[in-house]
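Below: one structure in structure tokens.
Chain lettering (A, B, C and D) follows the sequence in which the chains are written, and residue indices restart at 1 in each chain.
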């Protein structure tokens, strides 16, 4: 479904990704593991078109999307749920969700999608008319995920969904992600909570200094010594 | 008492005038986050266009709004696309200021070349007729300005709050990256916002031209006042612009009457400085838009 | 010296773009040709140009054709620069100018220090000829004479027409707050007090003002009979309109030149509104031509050259001043500064013999002591001269 | 972040390593401003060059604030007006303008400090708007108080000739004074830029928080710049008033002229020493010529051209002439950042072949140097840090770990003065052994506490060397000493080859090291390191660890927020684990990672039971 071929990307003169290649099959949950600054977020941003690709190709359903702008990529069915929630703080939860279905394709089915999403997130429904900035961190993360789903994406990308959340909330977030998986969606997830993520994922890639250094089944990675030492601290 | 009432009403009418001029500025300022020193010159250009159309076609000045709003929309959108946008990436926001100052200078002098230094007067078509309401007198045209200002405030507020495009514009202002991830074309929204803001100036021009003499330098006066209004009301707050304009209008009228016309400007600008420093979020501004103050 | 000459030549070549002709004498024309004062600057310069045309047609000055080198005095610093350029690069024999008082103050000082005669034909600030300069002359009347005339007109004409003693008139003075308005208003206060007038309010405001309702209201509050306004065009229009709308109807409004003398002002506010408004200014066109011989010829020449009627009296007054000077120079013995001074000091032209009515004779500080302003009134959409009587073409109409 | 050329400045690092061609050309240009008019000896040419001197001087003075300090003042003529009025008013009471000049400068300094202090909280366009408003207020006040200022009628000087009165019939003396003033401005501009003050100003402009962390008194250095700028502007104002012989409020408190001097700087190169001079040198004669050609052509044409040029200059030449010069000269003396792998080895002395599983023998740590007691902080309703207490000893490495969002950086912000705690306090033992409670970043820096930022905060327009020098200035006021320290530190940190490269060109890893180098150059007693290992490749992590250990061995205490567990384990004498704002445990690294609570918090519940 998604394939990165030797992608280079970065900000201004600084190159972060030095040739990242990976694939995501339809219906899979794939995770990218790596330390801070390794380039995980940049990889997702490059796919979403927010960071421009300087070399290499990003293929989505066979089409090269590396030169498309972010809104075109959303149209193709890729949605990224950004790190740190990134809600629109002065908007209500409802408005935030509606923004998720901004593109014309998603807008047509907006009411139905909203109902589906709210069924999935009863907590969000309770808060529907509150200002996003008044929500707790966990609630905000739920809204961010719900907002991402409003676009009815074929591929949903999570960037550090558990960031800054209390452990209890983290578990809830992962429950939600598992629900999404169960519904058959394709998910690409970047997460520093390596253990949780590898538990949830089918396959994983290890990214260091802008390069993929390892890729394997999630379970294999969980027992991999390098992973255990570098990311699990044991 | 009657005099006080009259001064107050004059102030409110002036407030209406400032609102209609400042409303586009606050939109541009609050959302595109660009300080547009050429805003007053857009008004000036609009007023000259209103004059030409009114005199040339013999229509009522208010009719010209049909042409003015689109024309200025295009002017604003072009300015955003070809002057502001290329500079957004510039390392230094000061460069943008220079660019808009340059644009302002160029437009003033262009008007001087085309129309001369002489003032022109758009036919007032009955808008200067005073109405006596109890002890106070107001002009029909002033009432039209006030009503339009209030309608424009409500309209813009509804547009930003209730429509998809309006929400998208706000989304870009609140979180540009997230907005892009929602599939919103941020650059296009900025161009649109700049265009709408400038189109508001077009509406203002059609309303203001029949009441006030038009000269190349007219914008200079308005733009500084408009900045005061915007900062007072709170950056990017549309109702704030209305409130700020009313405050400035009344202060302007009161200080002109009770303190003296020569110190009016000192009072208004002094107030501006105090607000800027003591309450930078303005009367109705959101704290989250305070990008202009050090944390 | 060769190098210096070469360098000078190259700079000259860079700077001077105008082609040089033979057998001509060059004078500077220093006016604000751009910037906010450009309109009347240009209008003033036209008077000078017509005078030059006329002199050239009559054989020039001492047999040489007169050419003008233009200098653009946008602001005081540029006025200095342009004066320097005219004097040292264009080598003009004298400078004519300037319309704007602040530019004149700055530029004439350059001429004084360089020892080049400077003829002010239009700026009204008193200071220009109160500095004890040797080379600076002024042909036109000043702010002082404007205020003096207005007060005289109030005492002689307006008060009697209203059936009041001058001391019973309640007078409000408003003025734009640059040099021009402030100095006229100051003199109005002084002469007014001298004449025993009751001045109840004096207010300045910036010329760029867009709303004068506060001023109008305070005048209304003060219950004034007469409003004296010294203003440019924008503020004249605003005041007349807003006074009307606010129901401020003083028995007389007296403008001090500027906007009040201009046809576009009347067009802007409408002839109804400006009807009966008084004005003191340089000599204008609706004047008793027995008193201003040559005025019709001037207007004809103006129409010929510029294709329209003169837009204000500035051109006329510049024309009159320039003609007097140029004619004197024709009589002079050479065109070095001393010869020019000698010739100019000898000028003695009686009142009633120039196109502006006033005569020319330089007195203290080289100010033309015969210069005076005229009192005018808008009647039937025209600005007609009503005061003094020998220049008047109509009776002053004051309705109670 | 103005002026890439700022870093290429004469008088800074670039000077000694490059052929001195540029300074010679500049010196020749400056001299030409004096020589050309004296050779041609024509009053108009004199006038043009005097005007060049005046505008170059004004623009250079403006540049101290608008360029070095990055505060876009569009009301600078208020100081010029103050100087002009002081000079004229005093001259008319019989006081020489030379004295008037000093009085004007003194008044301008007082006004500048009073009005600037509150305005410094304003950023970019708002500062510009505030200065415009101030200028208008000054103009209106000058109009109003006509007893003093003559009001709108203005003031004229009595034409007294001679050196004493600054008024001359000859043009040469006038040029001498104007040229002299310009030289003073250029000299002051050069002096500030090449001394600590200049580095501090540019650092403050580029990254205020990083500058504060480096101990820069950010408010004070800006006030000094504003004061110097105001004084110079006022002095030129006095002289120019004598030259014009007549002043009025509209002309001296002029917005147009305020914008004009800023524009000269923009076109020449904002923030560079000679940019404003070049701008004035190019534009003043050009304006004169253009006015000659266009002024008479059509009303407003030359203003139109002027405005258009301003827009085009902003669009296509944002770095000005100096920027073009720098671009033309290319990137000599600077390695090609895009190809050179910047993961240059960190040149720490290799220690004994270390085994990461073996805890480093813990040297005897000294007395307590920092006590943190009961710190709490909330944002909105969210408790970010709750009642955090710990101590730090001399020569100790304290690891601070915890999941993202646990509050580590907030804790750092509170123990470096960047954030005020809601409750609790921080005490630091100063060099004399007394316990003090610092409040601001500056006070923390003064006590020898240096910090890095998780999100790197380089002074982007400065070179690597200059970046590090900003830190070095903390202990070494002299440029030469600071440079020596900076170079030594740079080499130690493996940044040696990039001394002349601009910080903005470094990779993330390079920037991380620059961040550490800058704080190291402060020679701190306590080092707060916020995730400095992130983005460094595996092999360098080992070297970085060695470097930190050698720093520690030098007696410096370190608190390190770190995610690279390998580093945490082998570095730390003690580890503090923070989760959701609470310190959940603290102790030796080995013990801490075994703690089930830690494993659960840090790695997840399932893992704890796995």
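Definition applied: a contact is a pair of C-beta atoms (placed from the backbone, for glycine too) under 8 Å apart; a residue touches a chain by one contact, two chains touch by 3 or more.
None of the values given here were measured: they were computed from a predicted structure.
Comparing the CA-atom centres of all chains against that of chain B, the greatest distance is found for A. Chain A and chain B have centres, each the mean of its CA atoms, that are 42 Å apart. Distance from the chain C centre to the chain D centre is 53 Å, each centre being the mean of its Cα atoms. Averaged C-alpha coordinates put the centre of chain B at 38 Å from the centre of chain C. Residues of chain D found to touch two or more other chains are 143, 299-303. Multi-chain contact residues of chain C (touching two or more other chains) are listed as 34, 38, 177, 204. Pairwise chain contacts present here: A-B, A-D, B-C, B-D, C-D [touch as defined]. Residues of chain D touching chain A in their complex: 337-338, 381-382, 403-405, 504-509, 512, 531, 534-535, 537-538, 563-566, 568-569, 579-580, 593, 600-607. For chain B in complex with chain D, the touching residues are 35, 83, 86-87, 90-99, 101-113, 116-117, 216, 224, 227-228, 231, 262-263, 265-266, 269-270, 272-273, 276-277, 280, 291-294. Residue ranges on chain B touching chain C, taken from their complex, read 3, 6-7, 10, 13-14, 17, 109, 112, 116-119, 121, 128, 130, 137, 139, 212-213, 215-218, 220-222, 252-257, 260-262, 264-265.
Residues 36, 39-48, 51, 143, 146, 151-154, 156, 159, 169, 240, 243-246, 248, 250-251, 254, 256, 288-289, 291-293, 295-296, 299-303 of chain D touch chain C in their complex.
Note for the complex: chain C touches chain B at residues 34, 36-39, 177, 203-206, 208-215, 217-218, 220-221, 233-234, 237-238, 241, 245-247, 264, 267-268.
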